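Next up: some structures, all given as structure tokens.
The following pair of complexes shares a single chain, chain A, combined with chain B in the former and chain C in the latter.
Coming up: the complex of A and B.
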């Protein structure tokens, strides 16, 4: 336990902050502390968590991606059109098409970065503009409302009425999110490929000397994020029951902030799935709490920005200084 | 000892290189070099920077392919060239100077990293990794918590992790490139013990170090390279540091104590009771016009912190600093520069010089006010200022506009000194001025230091190599754990006496 606290200082402190904020909200608002609200939060956060675990893999491998959210919008349009061609499809074909398109768009980023040695932030800002520009150009900004029925029907996998009259629901987005989280966790902690990704992000030159295939690392990292962006895009269309070209525009920065909040490092080699999920949840809970407290939605961004700033300032080395029992150094020091 | 027994000769070599030639873009980096290593011996590869040591290591480990006609014989098999895979399979391992470790990953993963390699993904076996790591560390007689991220450990332990990693691959021949460069004396001693242990267990070690004292202590034989050619192979027994230096440079260095009596000169810097808790305590010292004050001591003795305080970058908790009799209180190093203090940084590569920028821009960066003309920078003034200092310090350059990174270590250091001289300092602090500078070029730098002192500059020379301060300073202070614990006059004290005190 103690060594878990020590090696997972960011996750533990995030959890502490989430518990503290939840405690304050439970006391100050009538509706926060209910299972119903907790499940609502999960449903609302699913798409962002799917994006976040994808982005986590890219950050671990030492890259960054600005383009994934608009790529998800491109995937939504592409999938809607492709589903039209095949005459409707279903969840399986939808996820396959969306996932493949996502991987393709991610692979374009990896190709630019690996083949032409463009640094990832520049490459993905470019593709961000290209993807979004193409999307707006071809759709002329028009949304799609006539989606297949299977895509817009809510899928409730489990529901139960609580004694207090609220409903707890587990919907399809939550299931998909959980699968994406588990798959990412297996990839980065349990497979040799995942450990190579960490090593590559941590010390690219060291990884190269071990003969790790650098190009493969870029394609796996950006491909994985592409896959998550594709799946997340389809789930977002399902959740919103429409496809709006600029619906996800700007989402990349929210997700990036949440992932960094969760302990991933810009520069590579560091980050965990748990931290990433907690980072997204912290932001959702805060937003939800502010909502329930009746704070003006116009103030949300400002408050969330401030929370991210404080949390990131406190995180990493400083959090260890705040919690003295965490900071005992290795035996040899 | 076992190591001496195996080094006794007459035995078939583990590695034998013949007729190694290597050319880079028309420059011959290696000329007909032969090199051999016996099983279980500690063999030192010595030579100045650029003599071909690293090229040779890279040929043996398969990074480079030598010119046709080469023969590399390893344990009975002959190759015309190596490949990294063959080299690793045959048990040839390198511990690079930068270690190539993964600080965020656990000690176990760093040591057993090869278990996560492979063409196709598989599941990671953390239990096996932990076992491999524990075993490798046990072989070295070291206990570390293998689950902690490597970044929790200091550089000395990381070095050990790098060695442990090399042992995992059934190493038979291990190259160590400057393994002690960032270690303290006791850490170095521990490392040398580990090297002896490896040698005793039959692993041959090729040791590359610029610290000749430890080269003589650890190795049984020394191969010296100069300008890409083999000078010779010598038994370590009976060798001296000055003899190795001569072989490496092809020049004779007759080191003499330069210390002179300076008591009649006015005091430039007077420090009384200077303290910064945890870094240095109660430091009192003075430097006169034309005097060179040497400060030596182990890494972590507080030398650099003291220097940075005199340069205004750190603030003392108590004590006074007076320059030419006037008490000063620097709120930043800009104040210190204006008051006539110059500080040549310990880390020239990353802090002292801006590598991609030109020689000229680097030289004038601290004295931009001197090349103003009507409030704007004048190219003409810059050019003449640069030309003056380049000539004065004998820096060998192509064009003023060339990037500083194109110069050798010694010439870069001259530019760094010129940069500070251009600010017209009264006090020049040189912090480890010869790190990364070849033996041959070091003498040139100290000639400059001596000449500057003659012009009346007060100089503080900081180095962890006792001979440097002994031969080049007028007085030597010994710092340990933040305090001045000894003061010596090189004219009356012996080098051995000071070294004994410092390395005790």
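Coming up: the complex of A and C.
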């Protein structure tokens, strides 16, 4: 137990913060501490968690991706059109099309990064503009509401009426989210590829001399994020029951903040699925709690931004205190 | 034309190759494709559109040179704009005098600098990653702005602000004059001052700079404060151009400013990059979007082409490095 605390300091402190916030919210609001609300939270956070575990893999491999949310929009649109061609389709064909489109878009990033040695932030900022510009140009910003029935019908896998009359529901997005989380966890902790991703992210040159195929690493990391972006995009279309080309614009930075809050390091080699999920949940719980407390929705973003800023400041300064810091303090003044 | 570019290139170094070539290509392609392209009207529209994006890019440039990033620039600009707007409204709105404008501008620049100082302090003292710090600052400022304005517009400014956004002085648009003055100021700052030198040093190697006795924390705080102040100037110009302030104004510029810096040959890890190539890169981007407008495309296609241009320049740089063409220095 103690060694778990030591090796998972970020996760444990995040969990502690989440428990503290939940305790305060349970006392101060009537509806927070209920199973119904907990399941609502899961349903709402599903898409962000799917994106987040994908981005986590790229961050572990030492990259960064700005383009995935826009890529997910491209996938939504592409899938909606492709489903029209094949005359409806179903969940299997939908997920296959969305997944492969996503992998393709991710592979474009990996190709630029690996083949031409473009730094990942530069490559993904250019693909961000390319994807979004072309999407808006060809769609003229028009949304698609005419989606196949199977995609827009809510799928409730489990429902149960609580004694107080509220319903708890597990919907399809939650199932998909859980599968994505488990798949990512298996990939990065239980396979050789996963260990190689960590090694590559921590020290690319060392990994190369070790005989790790660095090209494959880039394609696996960005391909995985592409796959998650594709799946997440389809699930978001299912959840929102419409495809709006700029609906996910700007989501990339929110997800990035959540993932890094969960302990992933910009620069590679560090991060865990648990931390990443907790990071997203912390933000969702805060937002949910503020809502239940009757705070103006206009203030949500402000409070969340302040919380992330404080969290980063605290988590970094605590780590620094363990380092030989006294001498630096003198130099700093 | 190319002789001038040659001379400019030798004057300011190897970063110029990418934007310089892109500039020539854009002028050639659109000059042939559209007869109206090489006209005063095109250059007039470029001259009016350049300053907003340009000032924000200058704000982005300094943090990138230290190896960081300031993702909060657009919202810092609008919060500063809001500060000016409220000072003007408190002093009579449409009837506000130049004194109120001056006071408001000073306050706006202070507000911009303050947001930079907070980011700088967190980055310098906790060593948190600048992307992360500025990202949370961005979320915070966006929330603050939405909270204070309820997402709406603030408008109703005195008439004398109009020329600042739309007027010309001796045929040169006033926003362009402001922008060029800022470009020159940044150029002097980076090439002639101690702070500029230290900025490059920190971008190359923070630890080595600290060990050589430079107060790196002070430099980082100053860099982000200056970046915030430059955002505020952009915010004031945007206020005058749109005649209103809204927290979402110019939101899409955020990643374009990063794109412009990289296109201008700035090293993404910091330490290398100059103001003038970035300026040329900005002109190229605006010429591209004006040219595409002339041949009937819209801003969204221009955005896609901007992305393609950045990817293309990066690929060309790689190819050039690989074949050791002499005018491109190896960039890592």
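Just a few scattered comments:
Keep this in mind: the second predicted complex is superposed on the first by the 316 of 333 C-alpha atoms of A that agree within 3 Å, B and C clash if a C-alpha of one lies under 4 Å from a C-alpha of the other, contacts with A are read in each partner's own complex, and residues count from 1 in each chain.
Quick note on the criterion: a contact is a pair of C-beta atoms (placed from the backbone, for glycine too) under 8 Å apart; a residue touches a chain by one contact, two chains touch by 3 or more.
The shown structure was predicted, so the numbers you read here are calculated from the model rather than taken from an experiment.
Contact with chain B, but none with chain C, is seen for A:191 once the two complexes are overlaid on the shared chain. By the touch criterion defined above, A:211 lies against chain B but remains apart from chain C after alignment on the C-alpha atoms of chain A.
Counted by residues of chain A touched, the larger count belongs to C, out of chain B and chain C. Applying the stated contact rule after C-alpha superposition, one finds that A:202 touches chain B and leaves chain C untouched. In the superposition on chain A, A:114 contacts neither chain B nor chain C.
When the two complexes are overlaid on their common chain A, residue A:269 makes contact with chain B while staying clear of chain C.
Contacts of chain A with chain B, set against its contacts with chain C after fitting on chain A, overlap at residues 265, 331-332.
Contacts from chain C toward chain A in the complex involve residues 71, 122, 124-129, 131-133, 135-144, 146-147, 150-151, 210, 215, 217, 251, 255-256, 258-259, 262, 268-269, 297-298, 300-308, 310-311, 314-315, 318-319. Every residue of chain A that touches chain B in the complex is listed here, in rising order: 3, 6-7, 189-196, 198-199, 202-203, 205-207, 209-212, 265, 269-270, 329-333.
Contact residues of chain B toward chain A in the complex are 84-85, 96, 98-105, 109, 113-118, 121-124, 143-145, 147-149, 152-154, 156-157. On the chain A side of its complex with chain C, the touching residues are 64, 66, 112, 116-119, 121-123, 125-134, 136-137, 141, 250, 253-254, 256-257, 260, 265-267, 296, 298-306, 308-309, 312-313, 316-317, 320, 328, 331-332.
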